[in-house]
Amino acid sequence: MSDNRINKNQPVGDELHEECGVFGMYDFDGGDVASTIYYGLFALQHRGQESCGIAVSETNGPKGKVTSYKGMGLVNEVFTEENLEPMHGDIGVGHVRYSTAGASTRENAQPLVLNYVKGTLALAHNGNLINAAELRHDLEYTGAIFQTTIDSEVIAYHIARERLKSSTVEEAVGRACRKIKGAYSLVVMSPRKLVGARDPYGFKPLCIGKRDNAYILASETCALDTIGAEYVRDVLPGETVTITPENGIVSDLSRALPKEQEARCIFEYIYFARPDSHIDGVSVYASRIKAGRFLAMDSPVDADLVVGVPESGNAAALGYSLQSGIPYGTAFVKNGYVGRTFIKPKQSSRESSVRVKLNVLKEAVDGKRIIMIDDSIVRGTTSDRIVKMLRDAGATEVHVRISSPPFLWPCYFGTDIPEREQLIAYNRTIEEIRDIIGADSLGYLGIDRLSEMADGLPICKGCFNGIYPMEPPKEDIRGDYER
Amino acid sequence: MSDNRINKNQPVGDELHEECGVFGMYDFDGGDVASTIYYGLFALQHRGQESCGIAVSETNGPKGKVTSYKGMGLVNEVFTEENLEPMHGDIGVGHVRYSTAGASTRENAQPLVLNYVKGTLALAHNGNLINAAELRHDLEYTGAIFQTTIDSEVIAYHIARERLKSSTVEEAVGRACRKIKGAYSLVVMSPRKLVGARDPYGFKPLCIGKRDNAYILASETCALDTIGAEYVRDVLPGETVTITPENGIVSDLSRALPKEQEARCIFEYIYFARPDSHIDGVSVYASRIKAGRFLAMDSPVDADLVVGVPESGNAAALGYSLQSGIPYGTAFVKNGYVGRTFIKPKQSSRESSVRVKLNVLKEAVDGKRIIMIDDSIVRGTTSDRIVKMLRDAGATEVHVRISSPPFLWPCYFGTDIPEREQLIAYNRTIEEIRDIIGADSLGYLGIDRLSEMADGLPICKGCFNGIYPMEPPKEDIRGDYER
Amino acid sequence: MSDNRINKNQPVGDELHEECGVFGMYDFDGGDVASTIYYGLFALQHRGQESCGIAVSETNGPKGKVTSYKGMGLVNEVFTEENLEPMHGDIGVGHVRYSTAGASTRENAQPLVLNYVKGTLALAHNGNLINAAELRHDLEYTGAIFQTTIDSEVIAYHIARERLKSSTVEEAVGRACRKIKGAYSLVVMSPRKLVGARDPYGFKPLCIGKRDNAYILASETCALDTIGAEYVRDVLPGETVTITPENGIVSDLSRALPKEQEARCIFEYIYFARPDSHIDGVSVYASRIKAGRFLAMDSPVDADLVVGVPESGNAAALGYSLQSGIPYGTAFVKNGYVGRTFIKPKQSSRESSVRVKLNVLKEAVDGKRIIMIDDSIVRGTTSDRIVKMLRDAGATEVHVRISSPPFLWPCYFGTDIPEREQLIAYNRTIEEIRDIIGADSLGYLGIDRLSEMADGLPICKGCFNGIYPMEPPKEDIRGDYER
Amino acid sequence: MSDNRINKNQPVGDELHEECGVFGMYDFDGGDVASTIYYGLFALQHRGQESCGIAVSETNGPKGKVTSYKGMGLVNEVFTEENLEPMHGDIGVGHVRYSTAGASTRENAQPLVLNYVKGTLALAHNGNLINAAELRHDLEYTGAIFQTTIDSEVIAYHIARERLKSSTVEEAVGRACRKIKGAYSLVVMSPRKLVGARDPYGFKPLCIGKRDNAYILASETCALDTIGAEYVRDVLPGETVTITPENGIVSDLSRALPKEQEARCIFEYIYFARPDSHIDGVSVYASRIKAGRFLAMDSPVDADLVVGVPESGNAAALGYSLQSGIPYGTAFVKNGYVGRTFIKPKQSSRESSVRVKLNVLKEAVDGKRIIMIDDSIVRGTTSDRIVKMLRDAGATEVHVRISSPPFLWPCYFGTDIPEREQLIAYNRTIEEIRDIIGADSLGYLGIDRLSEMADGLPICKGCFNGIYPMEPPKEDIRGDYER
C-alpha cells in the first residue's frame, strides 16, 4: 500500500474485499455527532463501498428516539446536507459495508436500528460469525423472525435476550459475545451508552479515540486523524468497553484469551487497512515496507527499477527498493474516476477493463528490467495483462513479487475469498503460476515472515495454510439466508 | 363519490385517510404474478399513497427465496419495468400504504418479508391493532427485537411463535389472530400457500377473485375488475382462507363471531372505497346514491341545482337529485395534476391551496340556489372557502348536505381522524357549524341511516357516537414506537 | 368536458393533443413572479405535459440577467422549492409543452432564452407555423444556426433580425409576426417589457389578467382564476400588446384582419381548454353544454340514461340530458393515478390498458339503455372497448354521440392529428364506424353547429372539411428538423 | 505528476483548472463509435469534471440526424448503458468540460449540436477565445441569437456563415478559424466528415490516432492508449485536418505560423495533462521528471527524503530524487473517495478540508528533513497546512520546491487563474511566501527552464511574466455573457 488510495469502487482486477468499517461517537458535551461520523465513515470508505448508514440519538431527548439514514453507495453519495442536517444526537454509530453480490440490498445496510425490551439499540458490526446459521436456527425455534440476512441481526437478538437476564446493556453485550463465534468488532449504541466489543481473537481492528470531551470508537486510526481526534488505545481482543459520561471508559476483559491464542487478520496489514492507520500499535505502512524488505531479502533479483501496482503495491515496492538498493519508480497511471456506475467494457469490445483503468508510463520502463510488486494474486486474471503491458512498453524483464503468501484456503472471518478452484495458486506450483502470468520470475512472501511483518503479533494464517484459530463450519454457510 | 377518482396525493382539503390496501395472488399454473400485482395495487392506490411494495416467490424455486421491492411513493413511481421485470414468482403479495407523517419511512413500507422457523413469510396488513403496544411489550420481554413501527411486525412475531406449536402456517395465522385485537385484513404468503384473514368484526374489506387457474385476495373488488378476474366472494369476518393448488380455497371460520357483532367500517362505503367496488355484497356506488337519497328525504330544501364536491360528493349528489327531482349539475373543476411534489402555496402568498386545486364553473351556478353535497366535514378548513367560491360565482343560496353524520370521536381501527379538538363538530351545534362554513343551511346524514346505507350490514359507528365494538385502549398509543 | 380534470399524462385512449400553454407576468411593484408563474402553469398543465419551463428577470437587476429552469415532465415534477426559490425576478414567462415523440427532448423545452443585439429575450409560444421550414431555410442561407427544432427559435431569429431595424422590441415582434404564418400565441419577455402577440386568425387563445399592480398574459382564464387575478380582456387576433410600468397595456392592432377572416380552433372549446375557462368571451363549459343540447336535438334517441366518457364527455352529456330530459348519470370510474411512468399492460398480458384506467359502475348501467357522449373519436381504438364494457355491465343498448364532427383532415396549426389513414372516419360512412365500435346508434355533431357552439365566433373547420383559413404547406413538414 | 491520478472532482487545495477535453471518432467500417467515445472521454476526465456530452451520427443514415446526450457530472455519472445504447453512429464527437461556477449549466455543456445551411454540425472545443465578446457583438448586429455563453457557439456561427462562401465544411472551418483569436483545439462533426483544427499557437493539444479502419482525434494520447488505438501524430498548430473515408487525413496548413511564434501552454506539461500522455512528441511524465531534476540543480538542499504532494507533485519529486541522490519516499495518503457531492467541512467544524482529504504517514517523515515537491502554489491556502502536517508528524525540516515559476498574471487562453490579488506570489518576495507557508526554504522552477522542460518547444509564459503571444483583451470579458 502506498501514498494514495484510489477509489476502489470498481477495482482494477481481482482484489480481496473487506466486509465493513464501524464508527461510534459519544459527545459528553452534547454536541451533534452526525457530521463527524460522516467524516469518520469517509475515512473508512475503503473498508466497504456498497452501502453505508448512520444512526444517532439524543441522550437527553425523548427516550429511545433514534434517527437513522442508510443507503446503497459511497458515503458522499448516500449522505447530503439535506439528510444529514436533521440528524440530531450526541451519540451515534456509523457503518460502511461491502458484501457479496447476492445480499447487497438496502435491507442489509447497517447500522441495524431496533426496539427491544429496554428501548432502542443501534448496532454496527465488522466481521463474520461462523455459527450464525446455527444461532439463527436456534432463535427461530424460539419464535424469532429475521428481516435481514446479516449477522448483526443475530447478534442483536442475543443482546436483546441476554438483556432480560442482565442488569446493564454492556453485560448483555458481553453475554451475547460469549454465544457468537467468529470475527467481530462491534459498536453498540444504547440510549445512554456507547459500547464497543472485539472478538477474543482480535480478527478485526477497533480503536478508541478522544476529541475534547467526546469519545470515539473506530475500525482504524486513520478515522481518528481525519476528524482531528487523538488516539487513546485499541480495544483489546476479547474486551468490552463501555463509554458513559459518568465513568468514561470502563473495560471488561473477562472474555479475553491468552495473548498467544489471538489471531489478527494479517490482510489488514497487507491490504485492507489504510497505510496511515496503526492497528494494535503496529503501523500498517511500516509493515508493508517491511514486507517489501523481506521480499528483497528472500527473493532477490537483479533489475533496474522497482515499481508497485497501484495503490497497494507501492509501499512494499518502496521497501524492496530500500532493501535492495534498486531504484524505486512509477510505472503506472491509474484512472481515478472509475465510479460505481462505470460501464465496464464488454468482452467483445476493443476496449479492455485493464487498459481503461491502468496505463503504463513508457518512458519509465522502456528498456528496463522491472521488479513489479503487488500485494496479492487472487484469480490472476489481471496480472498477466499488466505484465504484458509492461513488456509492450519496452520492459526487457518483468519480475513479479507478491507481498503476501499464496492464497489456498477459504476465509470464514469476513474476507471475501473466491472458491478454491478459482484461486490461481490452488493446485499449482509457483513456476506454473509464473508461467500463467508471463513473468520472468515470481516470488511470494514466506508465511514465516507474516508475524514479523506485524511486529510479532499473533496472526491468523488460515487463508494460506488452512489452519484456523477455531474450528471452521462444516459447510460454507455464507449466503444461506440470502433472499 | 362519483364517476372519477382524482389523484388524492395532495387532497384538496381536510379529508380522512385510509391506512392500506392489500393484494395477494397465487397462480397455480406457475405464471409470474408480479406485473398483475402491480395493476392490482394500482387499482387500490386510493387506499394508500405514501409507500408500496411487492414480494413474490417461486413455489418451485429455491426454498424460501423471496424477491421484494418497496419504496416511498405511488405504485407508478416506485415500480418500473426495470425493477418489476426481475421479480419472478407464481405467488406474491402487494401493499399500498398511507401513514401518519412521523412513521412515513421506507422501513415501514410493506409487505414485511422475513425468515422464521419454517422458511420465509411475506405479510401485508390493512387495519390497526388496539393491543399492539401491549403485544410488543410482551414480546420484548421474551427477547424480541423490532425493526419497524408497524403492527405487521407484531403480527409476524405471533405467527412465527404460534408456528412452533402449529402443524400448518394457516393454523399459526389463526392462532396469531386470536391474540391480536382490532382491525385487520391480512394477506400472508408462505412458501407454498397464500393465506387471507379478516378480523371477526370485519372492519376492513377483503375479497377473493379468480382468473383462470389463479386465485387473488384483494382489499376491493375494483382490483379484480382491473386485472380481469372474476369475483368469487368476500372473506368473511373472522375467517381464515388458505389457498393451495392441492385444495383450492379452504376456509376456517372458527374465529367468526355471531353476525350481529360484526362492525364494518362505514367509511369504506362513505368515502374510502372506490365506487365501483362491492364490499360484502353491497355496491359502494349504490350506498352513496342511497345516502344522497336519504339526505333528500331527511334534509330537503328548495333549490335549483344539486352539485357534489368532487370526487366523493358526486354520487350522493346524484342520489339527492334523483330523490328530490332537483337537477344535478357540475359546479367545480378540479385540477388533477396535483402530485406528491406539488408545492403548496404559502399562507403569505396570494395564491390559495383551494383555488389552485378547485375552480367554480360560473355558468353553472350563477344566479342559482345550490345544494352542495360533500361526504364529510373533518376540520372544516376548506368548506367555508368552497361555499364562498360558490357565492362569488353568483350562487344566491348555498345549502350544504353531508353524506355522513358529524365526526365526534377518535377511530382506533385504522382511520386517521384528527384530535377531537380539531373536529369542527366537537362541542358545536349544527347551527354553529353552518355559521362557520357560511352556508344557508346544513344537513348531515342521520346515524340511523348508516345501516340502511349498507343494506343492513352491521357497522361500526364509533367515530360518530363513541360506542366501539370492542373496548378501545386507555390511551391513544399510535406513534408510540416512532423513531 | 365535465366537472373534473384528470391527469392526462397517459390518456385512456386515442385523444388529441394540444401543443402548448403560455404564461407571462410582470409585477410593477417588483415582487417575485416565479412562484405565481408556477401556479399559473399548473393551471395550464392540461395543455402540455411533456416539458415545462420558467424564465424570470429582475428589471432593476444586472442588465440581461435571466434565470431559467426547464425540464421534462409535469410542472410539479420539474419544479421544486429548491429550484424555484433562487429564481428572482419581477418579470417572467412560463411554458408547458406537449410534443410528438421524436422531438420530445429537453433541448426543445421552452421558454427559449437567448442573447441578441439588445440583450436578452425569453420567448414562449403556443401554436404551429406553416412556413417554419421555409423560414429556417432562408435564415440558414444567411448564416443562422439552429439548436432546437421548435418554431420558437425561428420566431426568435426574426425578432432579433427585425430588432436591428426597429426602435422597440414590440415593433420587432410585430414585424416578425408579419413574416411568420400559422398559429401563434406568443409571450415575449425583454429586459423591461412583457409583450404578447396573437396571430391574425386567433387560432390559439391568449388573455390578459391583472392582480394588484401586476399584469398577466395567459393561454386561458382558468390560470387567472387560479392565481387570484381578475380577467381584463383577451388579446385580439392580430394584436400585439406591450406591458410596461410606464404605459400599462399598449395595443397595436395593425396586424388585425377583418373579423370574418378570423379562425379560432374549435377544439379549444370541444376538448383542449379547461371548462372553467372563457375564450374570447365564450364560456368553454357553456359551449360544451350547448354541443350536448345540439346532439340531443339533431340525433335524438330514446334511452334511460345519458353518461359522459370522462372527463371531456361529461359536460356534453349534461347538455344532452338537459335538452332531452333523459336522466344524467355516471357510468365510469377512472383511475386518476396513471402517471408518466405508468407501465402500460403488454398486448400479451391479461390486463388491458382500458380496464386499468376505466371501470364501469354496473349498478348505474345494468338493464338500461345508455346514451354515451364522447368529445371525439380519433382512431377509434378504445371506443369499441368502452362500448363493450357497458354491454358487459348489463346495458341493453348503447347509443354513442360525439360532440364534434368526424375528423377527416390534418391540422397544420398545432393539433396533433394522426395520419388520415389512421382516422376512423376516413373513407368510412357513419354506419361503418358505428359497426366498428359496436354501438346501437352513432351520431356526430354537425359542422354547421360549430359556430353556434362558439356563440357565432368565426372558427377554423379545417380538420373537418379540409378548408383552411390559409393555404396549407404542400407537404407536412412537421418533424423535418427532428434530430 | 506521478503514478496515479486521483479523482480531482473536489481537489485538495487551490489548484488550477483546465477548461476542456475533446474527442472525435470516425469509423470507416461503419461501426458504432459512442461507447468508444465514452472510454475516450473517461481517459480525458481530468481535463473537465463539470459536464460532458457525446453526439453521434450515422453517415449512411437519414441526413443530418444527430443523436446527442449531455449532462452535468462525470462521464460515468452522466452516461449509462441505457442512454449510450441507443446512440447509433459511425461518426461522433465528445467533450468533457470544466467551467467557472457561474456558467456551469447544462445549457453550456458540449458538444454543441446544430442545424445550419448544410444540415447538421456538432462541435467540441477546448480553449478560450480572446475576441469572443467582439465577435458576439458583431454577430448580434447582423441578427444572431445566442442560447449559450460558450465560445463554441461563436465559432459555430462563423462556420455556418463562412460555409455560405465555402465549397466544403473544412474550408468553412478554416475560414472561421481565421476570424477567431485565442486558444482552440476543435473537433467538428459534419454529416460525413470529421474535422480537427488547432489554433496557430498550439496552446491546446490535439492528436490523431487510428484503430483498425477508424480515425480518432483526442486532446491527449492517453485517450488513444485507453481505447487501444495507435498514435498517428499531433495536429499541428494552425492546421486543419479533414478525415473522410475517401481521402483519409487531408491536411491544410495554410493557417500555420512560423514555428518560433508557437506558444504551447506549459501547464499542460506541468499539471493539466496526464503523465502518460505525449504532447507534440514530448512525454508529459519525462517533462515532469526533468522539472524535478532542474529544481535539484537550481535549488539544492541537504535533506533525508524527497516527497511529492499527491498526485501531481510525485513525478517531479522522483526527478529531484534521481538528480540529488536523496531517497524518494511517500509522505501522504490521499482519500480518493471525495466525489462531487462530498460535503465540505464547515469553517466552524472541528474537521478540516485538508485533513479529510490528506493524511501524513508519520513513520515515513518522523525525525526527517523533508523536501516536499508540489507543482504550483496558487493562493497558497493549503500549502501552509500541509507543511504544518509534516512538522506535526515529526519532520525536522520542510523544504518546499515548486515545479513551476510563480504565477503573477492572468491567463486569457483557457486556464482558470484567480484574480492577481488572490495569487500568493503577487507583490511578494520568495522569502515572504516561504514565511507564509512556514517552510524552511522555498524554491521555484526558473522561467528559463520551461522551454527545456518541453524539449525546446516554444511555449506561452504569459501567466509567469505577463508577456503573451498575442495582445490580450483590454478587460477580462469572461463571464460577461453569463445568465
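Per-chain residue numbering starts at 1, and chain names A, B, C and D are given in the order in which the chains are listed.
Keep in mind that, in the parts below, a residue touches a chain if its C-beta (ideal position, glycine included) is under 8 Å from a C-beta of that chain, and two chains touch if they have at least 3 such contacts.
Computed from a predicted model, the values in this text were never measured in an experiment.
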Chain separated most widely from chain D, comparing mean CA positions: B
Approximate Å spacing (C-alpha centroids) for the pair chain C, chain D: 48
Separation of mean Cα positions, chain D and chain A [Å, integer]: 36
Interchain centroid distance [CA atoms averaged], chain B/chain D, Å: 60
Of all residues in chain B, the ones touching two or more other chains: none
All pairs of touching chains, each written as two labels joined by a dash: A-B, A-D, B-C, C-D
Residue ranges of chain B touching chain C (in the complex, touch as defined): 2-8, 35-36, 38-39, 42-43, 45-46, 49, 74-77, 79-81, 84, 211-212, 222, 225-228, 274-276, 283, 285-286, 289, 308, 310-311, 314-315, 318, 322, 327-343, 345, 349-352, 355-356, 359-364
Residues on chain A engaged by chain B in the complex (per definition of touch): 64-68, 106, 112-117, 120-121, 136, 140-147, 149, 153, 156-157, 160-161, 163-164, 481-483
